[in-house]
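The letters A, B, C and D name the chains in turn, as written, and every chain counts its residues from 1.
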Amino acid sequence: MLSSQELVQFRRDLHSYPETGWCEFVTTFKVVQKLRSFGIEPKFGRQIINPEFVAGRNEKAVEAAQKAALDKGVSAEFLEQMGGYTGVLATIETGRPGPVLAVRFDMDCVDVQEALEAGHRPFDEGWASTNPGHMHSCGHDGHTTMGIGLCSWLVENKDKLCGTIKVLFQPAEEGVRGARPVAESGVLDDADYFFGNHLGFNLPTGTISPEPGLFLASTKLDAEFVGLAAHSGADPHKGKNALLAAATATLAVHGIIRPVQETTALNVGTLHAGQGRNVVAPNAFMQLEVRGETEEVNSYMREEAIRKIKASADMYDCEVKIVKAGEATEFKPDRKAIDLVYEAAIPVVGEEMIKKMDLKLGSEDCTILLRRVQQRGGVGTFIIFGCETKAGHHQRLFDFDERVLDIAVSFYKNLVPMICGFK
Amino acid sequence: MLSSQELVQFRRDLHSYPETGWCEFVTTFKVVQKLRSFGIEPKFGRQIINPEFVAGRNEKAVEAAQKAALDKGVSAEFLEQMGGYTGVLATIETGRPGPVLAVRFDMDCVDVQEALEAGHRPFDEGWASTNPGHMHSCGHDGHTTMGIGLCSWLVENKDKLCGTIKVLFQPAEEGVRGARPVAESGVLDDADYFFGNHLGFNLPTGTISPEPGLFLASTKLDAEFVGLAAHSGADPHKGKNALLAAATATLAVHGIIRPVQETTALNVGTLHAGQGRNVVAPNAFMQLEVRGETEEVNSYMREEAIRKIKASADMYDCEVKIVKAGEATEFKPDRKAIDLVYEAAIPVVGEEMIKKMDLKLGSEDCTILLRRVQQRGGVGTFIIFGCETKAGHHQRLFDFDERVLDIAVSFYKNLVPMICGFK
Amino acid sequence: MLSSQELVQFRRDLHSYPETGWCEFVTTFKVVQKLRSFGIEPKFGRQIINPEFVAGRNEKAVEAAQKAALDKGVSAEFLEQMGGYTGVLATIETGRPGPVLAVRFDMDCVDVQEALEAGHRPFDEGWASTNPGHMHSCGHDGHTTMGIGLCSWLVENKDKLCGTIKVLFQPAEEGVRGARPVAESGVLDDADYFFGNHLGFNLPTGTISPEPGLFLASTKLDAEFVGLAAHSGADPHKGKNALLAAATATLAVHGIIRPVQETTALNVGTLHAGQGRNVVAPNAFMQLEVRGETEEVNSYMREEAIRKIKASADMYDCEVKIVKAGEATEFKPDRKAIDLVYEAAIPVVGEEMIKKMDLKLGSEDCTILLRRVQQRGGVGTFIIFGCETKAGHHQRLFDFDERVLDIAVSFYKNLVPMICGFK
Amino acid sequence: MLSSQELVQFRRDLHSYPETGWCEFVTTFKVVQKLRSFGIEPKFGRQIINPEFVAGRNEKAVEAAQKAALDKGVSAEFLEQMGGYTGVLATIETGRPGPVLAVRFDMDCVDVQEALEAGHRPFDEGWASTNPGHMHSCGHDGHTTMGIGLCSWLVENKDKLCGTIKVLFQPAEEGVRGARPVAESGVLDDADYFFGNHLGFNLPTGTISPEPGLFLASTKLDAEFVGLAAHSGADPHKGKNALLAAATATLAVHGIIRPVQETTALNVGTLHAGQGRNVVAPNAFMQLEVRGETEEVNSYMREEAIRKIKASADMYDCEVKIVKAGEATEFKPDRKAIDLVYEAAIPVVGEEMIKKMDLKLGSEDCTILLRRVQQRGGVGTFIIFGCETKAGHHQRLFDFDERVLDIAVSFYKNLVPMICGFK
């Protein structure tokens, strides 16, 4: 089993080359290599992704990432085996009948430029991001490392276990894009138990939260308006103004009438439109998201957003194409799974370090995997591993207390035998 | 033939009881009585109106005006003969073959409260409006009087004339509502020559303008939005917000992309919406208008307005009913008619008092009648009789120099024989 | 003490002549008369209202209501004593030292036309509203009756009590207008205990809820925009368009960025603007409200609304006057008071009929009175008396199960001695 | 004097390396070299530009253009002499007293990618643009060539002339940016006569229009909004949404109330805002323009646009910086100058090929230079040299009939002696 030092080293290696969602070619390669070093032959890439459900994938970025992967030493053969997709699933078969337990870790980074300045530990110590504009500022490098740590333990201890343990390294969690195509690949359909986790969240190192609160269901949408250019000083009325359509849509989406009794959120985050100052803008592209406390409320928000975008396009005689770019569902953990977490956590951190949280924000596509498992009779939940951070999630100065790596692995060392123990 | 004094007296009588468009029951009665006193039996009301094309008619106001007319001494029998509609057509048949000449005067007032204060002549002399909220502040009382003066002369001089002279007293010019249903009744379809006129327009008394410039084609629209009420503190998202739809429509209409090379205008003039502060507004009613230098440009403006109103309703899942409440077309006078006006005007006011104007504003539904006549081979134009006014048109202190009445009648005394002279 | 039948009779009398907020002249008169019949001489009108804090008062409606009161037999002298204001405070002094207990009932109606149709009991039995456009469709007639019932009991039982009991009949609860000026009059400043209540709320008759959940803090605002008229077909750019300013404000207010973690609500409920189709609208009037789970969040919403309204006026070079038309604060009941309610309710309805509710909607200006009492060291809460209704609150078919009157009085008969019992 | 063939060759050379406004380093170099070959030592760059009035200059593009100029063989020394600015002024002093005549030609290209496809003559013949994204698709390569042709004739004929002839090669006409800083440098302040010209405009080759009609005064504006980022799923209300501010401004600018009687135009052409889907957008940048038939109307439009942009920023508590990025004024030619053009044109193309036009669109910053000359007592106008084009101005398939080069030079050969003839 990997030592604390080895875990830290692996995490820092990941940190030094972060990759954005759907572009985790080098990361996938590193995980597969490491698993193979343990004697595990995992599934990866296209084998665990249903392409039909892939959303929010930038083909140009994917292509560039593949080229960069070649430069970083990933073989063309391996890339071909990936089939253009990232992510890894390690399956540890004990050979004994028993339940299927799945644990999910995510592996993508955020599109933020890491602080390359003195005082920021990754920079000072030489393991800051070398991929400009990309940074592991959400801690997924830590998550992936926890998964590797867990696998190293599983391999050495599978004699004492029964059933099957699946360790998923999921791509593209940011933007809640990766879970759906993994779910739809069916690779977790036999899971009886399912757990996901996140580190940080303003809890001190050493705390574990078996009940984080509420994640919001969410839908991410891209809207592309197509109008018609015209000279604004000569015959602007012959154009179709996509910028006005998009500006109208932006305001209308922000004016959606909100339910009073349920939590909701929305944002039009980006808008890019137009070709020149004196040209009626024939093009506009906007990225937005809606969220809701329940799937039902999120659907209301999504359908209202779509209604308003379409009407805005009609208003200016433009065409509009609306594409889903990501999704998460509401978080409905099972009591049975929560109780297991409590039980497994106490020996690791002590009762007083176990915190029930009351989050009511953010979204996690782990909810999509959990729902899939639940729909087939399984149970599961989501765990927060508290740890101090140097700055908030997604900030350029983010760094986390690496002691959390050991804590998480220890937790899973307790949890796994509770489910797949061989008696 | 009526003397100057008699003309002034008739005008002031009209002024003291002004009636708004489609409500000119008393005015119609007075005109018919006066014509009968000349021995003319005119057509009136339903006989000269095609109800299918009536727009912008407030049924409640019409009903109230009919009741008021009974109080003012109009007989129930006469009201019944009117068939619910106002307006008069006096036809003077000379009995001799010759052209058909039609002249149009309008008879409705404006929805303005006349100044009832010292210094305002109609008030000082006791002939100010006795119909609250209504005032002849556009001079149509003068126009009607000119028509009466012309008829009094025609009756006495028809031996020297040939052909037919039709004098139209048109209802509901304000809001450009009355011309279309008169045109569609067909009563002017045989006209070879057609003239309309207006007094005032910032020209000194004694001037005549045979070429006023440009009137804008225009469409008046009413839009009624229907949504669904809901309690805004409990479940606002169950409502359908007609106020938001109408506010969106208002801004969108005002944002219509305007042609650069043609004159246009638009206005959302009124908006009334909602039932209470804490109720999602289920209702909204807006009145708007568009204008354009040509019929084509006006149509563009109208269709864009309709597109935007409909899309706004869709945006909030509301229904909307859009109704045409009035219309005027572009002004295309005939050179032949203009030349006749020049010729007839010179002896009346002298060459130096004849002014070519360059108006590029306002709308006149006389254009609808002119177009009808032109479509059947006739010619025509529109004349401005300059006269000083105490305040701008539609103002509460409006009053005009009554010498214009004689000038206009004298002009027509010159014009008629040039067309229908018996040689 | 009044019998059940007498209570019902009093309630139906109130129901037959409902009066809107700040107009409860007849209602005040009836309450005072009844109290005097018990031997109580209450304070009323101007004596319990601080006019400086009166909001949302329509002076024309108040004047008309006073005239109608004269017609209904209220003496001119009594009206003069009221000083233009409504509301009653009955103070029962026991003459023995002890705590001050205050209970509040509201007395105004809703601006809804009652269903005057067969099948609606008040109509069938002849006690439906005779005040057109006004209806006790929220049950305040019941509340006032409960207060009268309580007073009738207090008078007969004050020998067994100590301290002081104040029974407040508050005007203008709808629109959350009346509480603030009563609070600011200081008449409840010595209260040690304070209770308010409401009937209905979808709970069965016989239930009592000592913990209703959340009422939202709320601010009601009126915004009046003043622009400048201009002729839309001639020189619209010389006007200042108040309708566009108000439409912009409407959409901007509905687009206020909402906190994710706290409950909020908002509504622009009415908008009336403009003078005519072809006039640039120089006037616009809008009524709106914001709400928030806490006073802090409500303040955020209010300040954002004000910012957006002011910027909208600036955008069109208009003036705007924003006036507060009502307010409620967040609901922060005291555990001590809640416990007393539990204790007093059990003997009346039995433990199984006591329901903790989780409302998260609506606003109650009773919160303003409660806050005032708490700021001076008192405690209090708000109670729901469940009762079946024929239609939702504020609906034209609303009617309630009158058994609730007895239940409420019985409850207070238990509660009062727990606080002011003379031992 | 240059032959037709030499003119064509020079034009094609310019065409093959087009440079956008403020970036005409290679073009300036070519013009200076050519003038030097005639024996003229012109002023250029910083010598004829007042930097204080430079607008719409992209410093990054200027830097890149200077680097590219070095690659194209422009010496570092020459670049240094330019002082960072482009444009050339050739002054031909006759040595004899007489009037100062100035003629202006523009030299920048449009930001359009030229069609690199068979059938497009410049491509087929190998002189299409080699500067990607840039193209002489407005004919300024032709204008510059005309100026060179004129200079070559002046040098050879200055013995027959008196006074001074100034030939200006103006940078940055597109976006109406270059005229103001040239005007403010004062180099044309002594001009008694001033002429500018444009080729094309849908007139056949061989026509000359001494009276093109109306150019619109125009102001170009950039608006940069600065807000504050926040996480849209956690605490969006802590952000300041620059995207909503800019969308509001876009719609409000398009809703500016337009005068009815004067021609106006406006356009928000581009909008770029936001950093990510789930981030409250802290940034927005928009480019817009307004136009008006007169300087007064254009000022109204500009001030209204600024008012609306500022109010939109206030509405969302954002900062906004509004910068002027270009300007043109109304076109007020002098009768004396127009008559000279008629007189000079007739011998060149014949009376029947001289066309009075009635344009009412577009803007030309030549109006800024003309106004400067007029303010100091000079006269001038603007001439259209008709010529067939393969596609509309600013289109990727634009090409023009090169015979217009000779026609223009011939015209000036007639015009110059009419003003500066040595008698």
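Keep in mind that, in the parts below, a contact is a pair of C-beta atoms (placed from the backbone, for glycine too) under 8 Å apart; a residue touches a chain by one contact, two chains touch by 3 or more.
According to UniProt, the chain labels map to these proteins: A, B, C, D = Amidohydrolase.
Only a predicted model underlies this, so the values are computations on that prediction, with no experimental measurement involved.
Colleague: If I drop chain B from the contact graph, what connected components are left?
Modeller: Ignoring chain B, the remaining chains still form one piece.
Colleague: Compare the two sides of the chain C and chain D interface and say whether they are made mostly of the same residue numbers, over half shared, or of different ones.
Modeller: same
Colleague: If you average the CA atoms of chain B and of chain D, how many Å lie between those two points?
Modeller: Each chain reduced to its C-alpha mean, chain B and chain D end up 49 Å apart.
Colleague: Chain C to chain D: how many Å between their CA centres?
Modeller: 68
Colleague: Rounded to the nearest whole Å, what is the centre-to-centre distance of chain B and chain C, using the mean of the C-alpha atoms as each centre?
Modeller: Inter-chain centre distance comes to 51 Å.
Colleague: Considering chain C alone, which of its residues make contact with at least two other chains?
Modeller: Counting only residues that touch two or more other chains, chain C contributes 216, 233-236, 244, 248, 251, 254-255, 257-258, 260-261, 265, 280, 291, 361.
Colleague: Can you list the residues on chain A that touch chain B in the complex?
Modeller: Interface residues on the chain A side: 233-237, 239, 241, 244, 248, 252, 255, 257-261, 280, 300, 307-308, 310-312, 314-315, 317.
Colleague: Over in the complex, which chain B residues touch chain D? Could you list them?
Modeller: 216, 251, 254-255, 257-258, 260-261, 263-265, 291, 360-361
Colleague: Going by the contact rule set out above, which residues of chain B touch chain C in the complex?
Modeller: Residues 111, 175, 216, 218, 220, 231-236, 243-244, 246-248, 250-251, 254, 265-281, 284, 287-289, 291, 325, 361-363, 394.
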